[in-house]
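Each of the next two complexes has chain A plus one more chain, namely chain B in the first and chain C in the second.
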Partner chain A sequence: MDKKLIEIKNLKKSFGENEIIKSISLDVFDGEFLTLLGPSGCGKTTILRILAGFEYPTEGEILLDGENLITIPANKRNINTVFQSYALFPHLSVRDNIGYGMKIKKVPLKELNERVDEMLALTSLEVLANRKPLQLSGGQQQRVAIARSLVNRPKVLLLDEPLGALDLGLRKKMQIELKRLQKKLGTTYIYVTHDQEEALTISDRIVVMNAGKIEQCDKAKTVYQKPASKFVTEFLGETNLIDGEYCDEENQAYFKIQGRAYPVEKQEKKMKLLSVRPENLKVCPPDKDGLKGQIVENVFMGENYRIGVQAANGQVLYILQKEPMNKGSVVGLTFDADKVSGI
Partner chain B sequence: MSKKKSGSTIIVAILAVAVLLFLYLPIIVVVLYSFNSSSISSFPMSGLTLKWYVVMFHNEALITALTNSIEVAVIATTLAIVIGVPSAYGVYKLKFRWKKFLEKVVIIPMMLPGIITGISILSFLQMVGIIQGVLAVILGHTTFLLGTVFPQIYTRLRQLDRNIEEASTDLGGTGIQTFFYVILPNIKTAIIGAALLSVTLSIDEIPVTFFLNGVFTTLPIQIYGMTRNGFTPEINAICTIILVASVAVILISNKISREEA
Partner chain C sequence: MEKTKKYSYGTKRFIQFGLIAPLVIWLVLFLIIPYLNLFVNSFWTNGVFGVQHKFTLENYTKFFTSGSGSNKPIMVLLDTLRISVIVMICTILISFPLVYFINFKVKKNKQLFYMLAIIPLWVSYIMRAYSWRIILGTNGMLNSFLIWSGITSKPIDAFLYSNGSVIIAMVHIYTPFVLMPMYTAMEQIPKNLIEASKDLGCGRIRTFIKVLLPLSIPGVLTGGTYALALSMGDFLAPNLLGGPTSSTKISNIVQMQFGTSNNWPYGAAIAIIIFLVVLMIITILGKLEKHFSKLEEAGR
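After this line comes the complex of A and B, so read on.
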């Protein structure tokens, strides 16, 4: 897991005047599930297309297993792509779609058939082997697209928002399936999505991107709990950003909010904002040592109520509760020092 | 729904029948008279016979013109496909400045009056030293057929998911392999459709051919020549045969496009 498989160094890409990727450096480790997460237009798909060989970088270097990747043409790279539109060959059956790559590489027919059978079994597509892509549902087409790539045993599998067109239930199922296949085959996945929940569910590491730059690259849990920037905090789910002043004392650091000091973990740089996720803000009696506020709204969200609490300075903080609370009543809010992050 | 027909429905039905008769009655008459035993086109028919078909098959000039037409149609269609398919693929694949312009320019020969295409090809061929005759006719037909082949192939290409080409490359395919294994099978029906249409257009063509044929005759020109010496029943016979062949071609191309859908 610690072996570097891909090294991206100072990668830049411009389309005309438009600089899509602004000097990105990134290492991808062998066998990991890495997700590029960001809003549309942040350059994540462009990185994938450069890795696949469909685009050439304006500047920079990419090494695969220590060898220069950029000079190798797309059809000679040991990297396969799962396209957002699946891009199955409409005139070929499921079986022939999966066998296409091996047919091109002139793999002996016996081995080709064995490997296709193995992959059909692995993706539960055996009964559909002779169907044409148009006779399949979205989820089935998706599985064929994945099988068609994985059967070639690529070093890296690139997935460009592969679940984007599926409904929520199927998407959750496919997320588990993708992860299971990845564990089983040990293939390195580079996955592109703009869905933060999906990224958190399936990735080992997440690269959060914005406007052609990497905002943060870390383990999924760390990115969620310790976001490195305001952008990351806000992109990965809802959060409360609270103004205050950071003060560092010998054994303990504090964050002063409206004159009152709250203990926080020591920070490397002076934090200006405190980020608390709604599920980490706890309600306490108003006379206790905490932020005070008045309940201003209750919104039913299915499992929870999202409750707005207006603090003395006018800012509305959001908390999650199982039951709605009385509008107008005053409550106190606290948080644990290890459940917040500073920006 | 009520089964009672209202007045307006009846009027629409009558109009529809009238329009259909207007369109097809002349064709029906030609077919009927081709079996008429009298050589005078008059109704009622004096009896049924196949003799006009026999006369037709013994009319050497007519048979020569027919084989000439088929020869021109097959060669010109083949040339138009061989030139048109790769050029449509090239325009589809490449990005260049005049692409939008070229897309429109290429269908102009199809829309221009045949007389203009005919005269311009004639003056061009004379300039490069090709005299009127079979070669000139084939080149002329190829030119206007390109105008029908190119847009049909190009339209089909644009309906393809562009990613399937990238998918083929991604799976190791070279440009040539991608063209033959992925692109060609997916535009196959468009090619067959374009070829069938080209053959019928070519066999039917008069204005361009008229400028280019010299002493070489094609079927429509031969028939036209025959009508000037009076309308003989064997013309009805050859027209019936052309009609049957055309309907067959239409049915085949319909069947192919239905398979596609």
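After this line comes the complex of A and C, so read on.
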């Protein structure tokens, strides 16, 4: 797990005047599920295409197993891609699609058939083996695309928003399926998505990107709980950003909000904003120590009510509660020091 | 839903009919009536004083029995078919690389390249056919060049007035017709299939053979059908460029029956026979094309 498989060093890519990737350095470890997460146009797909060999970087270096990758043409790389629109060969059956790569590499027929069968079983496609891609549903086509790549036993599998075209239920199912396959085969996955929930569900590590730069690269849980920047905080789910002043005392740090100091964990930099996820804001009686506010809205969200609380300075903070609360009533809000992060 | 409720069934049908009426009228007036007319005519008897409305099959038997050797109409038909197939193959061979280039290699200004390729369509047919007389004629550009460069001392007559010159002209004239459907079909091939093929280890040539070529076949067949059908019916190119030996193609015989020979029923019978032959070929090519495009439709 700790062996570096891919090393990306100072990677830059421009299309004409447009600098899509602005000096990115990143290590990918052997066997991990790494997700590149970011809004569209942030350069995540470009990185994937450079790794696959469809684009060449303007500057920088990529090493795969310590060897220079950039000079190797796409068809000679031990890397396979699952395309966003699957890109299955329409004139070939499922079986021939999966066997395509091995046929090119002149794998002996017996071994080829065995490996195709094994892959068909792994992706539960046995009964569909002789169908053409046209005759399959979106989810089935997706599985063929994954099988077609994995059967070649690549060192790295690149996935470019592979679940983007599927409906929510199927997407959730496929996320689990993908993760299961990855654990079973131990292949390194580099996954591109703009869906933060998907990224949090399936990844070992997440690289959050914005405008061609890496904002944060860490374990999924850390990225969510301890976002490194305002962008990351807001991109990964809903949050309350509260203004205040950071003061560091000998054994305890505080964050002053509207004149009242709240204990927080010690920060390396002076934080300017406090980020609290709605589920981490707790309601307390208004006369206790806490942020005071007035209930202004109740929105039913299925499992919870999302309740808006307007603080004295006019800012509306959101909390999650099982039951709606009386509009106009005044409540206090508190949080635990280890459940918040400073930016 | 609102709109469908507003009209009664009858009104709706009336509106639908109104919308397709221009097309139906066009087809009836300019396709069905003329062909019915031809069909009926082909069974009348040709007399000294014009067409007599007396039923006969003679026009059809005449087609298969009259003449001798290569002058037999049936032999002319086969010869025309042979020339048309050659034209079809040549137009495909010219169009395919061009369309392939425009579609897969040109990055910017695709439309411009496409327009350049089909510009010849905007020049009148006669102009294009005549231009070949200027190029291939005894004192034409080609001969002038050959004499000037010293390759030959005397002009070569064989360039013009041969099957060769007819084929060259028809290939030139019909290439845009082949190019257009071919381009439309090839444009539909998802570009990411090329990347997928590379990703799975294929080089350029094998990607072409294993992916692009099989997927291009429907477009090639559609284009080829155009070239074949159009050159089967062409009588102007043989007339202008065929000379004494090669000017008689099957359509020229038909033209003659309605002109100098003044035997309309016989002309009609030959026209019907050509019609059936071409229809047969188009049906076969159409079936083939359908077969191949069925394989292609997925993955879009």
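As a working rule, the second predicted complex is superposed on the first by the 343 of 343 C-alpha atoms of A that agree within 3 Å, B and C clash if a C-alpha of one lies under 4 Å from a C-alpha of the other, contacts with A are read in each partner's own complex, and residues count from 1 in each chain.
The rule we apply is simple: a residue touches a chain if its C-beta (ideal position, glycine included) is under 8 Å from a C-beta of that chain, and two chains touch if they have at least 3 such contacts.
Bear in mind that the values here come from a model prediction, so they are computed numbers and not experimental data.
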Quick one: chain B and chain C on chain A, clash or fit?
clash
I'd like to know which partner A:Ala74 touches here: chain B for first, chain C for second, both or neither.
both
Using the touch definition from the top, say if A:Leu109 reaches chain B (first), chain C (second), both or neither.
neither
Examine A:Gln135 and indicate which partner it touches, taking first as chain B and second as chain C; both and neither are also allowed.
second
Once the shared chain is lined up, is A:Phe83 touching chain B (first), chain C (second), both, or neither of them?
both
Please indicate which partner A:Ala312 is in contact with in the superposed arrangement: first for chain B, second for chain C, both, or neither.
neither
Could you tell me if A:Val296 is touching chain B, chain C, both of them or neither one (first, second, both, neither)?
neither
Report for A:Tyr100: first if it touches chain B alone, second if chain C alone, otherwise both or neither.
both
First, second, both or neither for A:Cys247, with chain B first and chain C second:
neither
Shared chain A footprint, chain B vs chain C, residue numbers 52-54, 74-76, 79-81, 83, 85, 87-91, 100-101, 104-105, 148-149, 152
Please output the residues of chain A touching chain C within their complex, sorted ascending.
52-54, 73-76, 79-81, 83, 85-91, 100-101, 104-105, 132-136, 141, 148-149, 152
Can you list the residues on chain B that touch chain A in the complex?
161, 163-164, 166-174, 177, 181-182, 185-186
Sites on chain A touched by chain B in the complex:
52-54, 74-76, 79-81, 83-85, 87-92, 100-101, 104-105, 148-149, 152
Which chain C residues qualify as touching chain A in the complex?
190, 192-193, 195-203, 206, 210-211, 214-215, 294-300
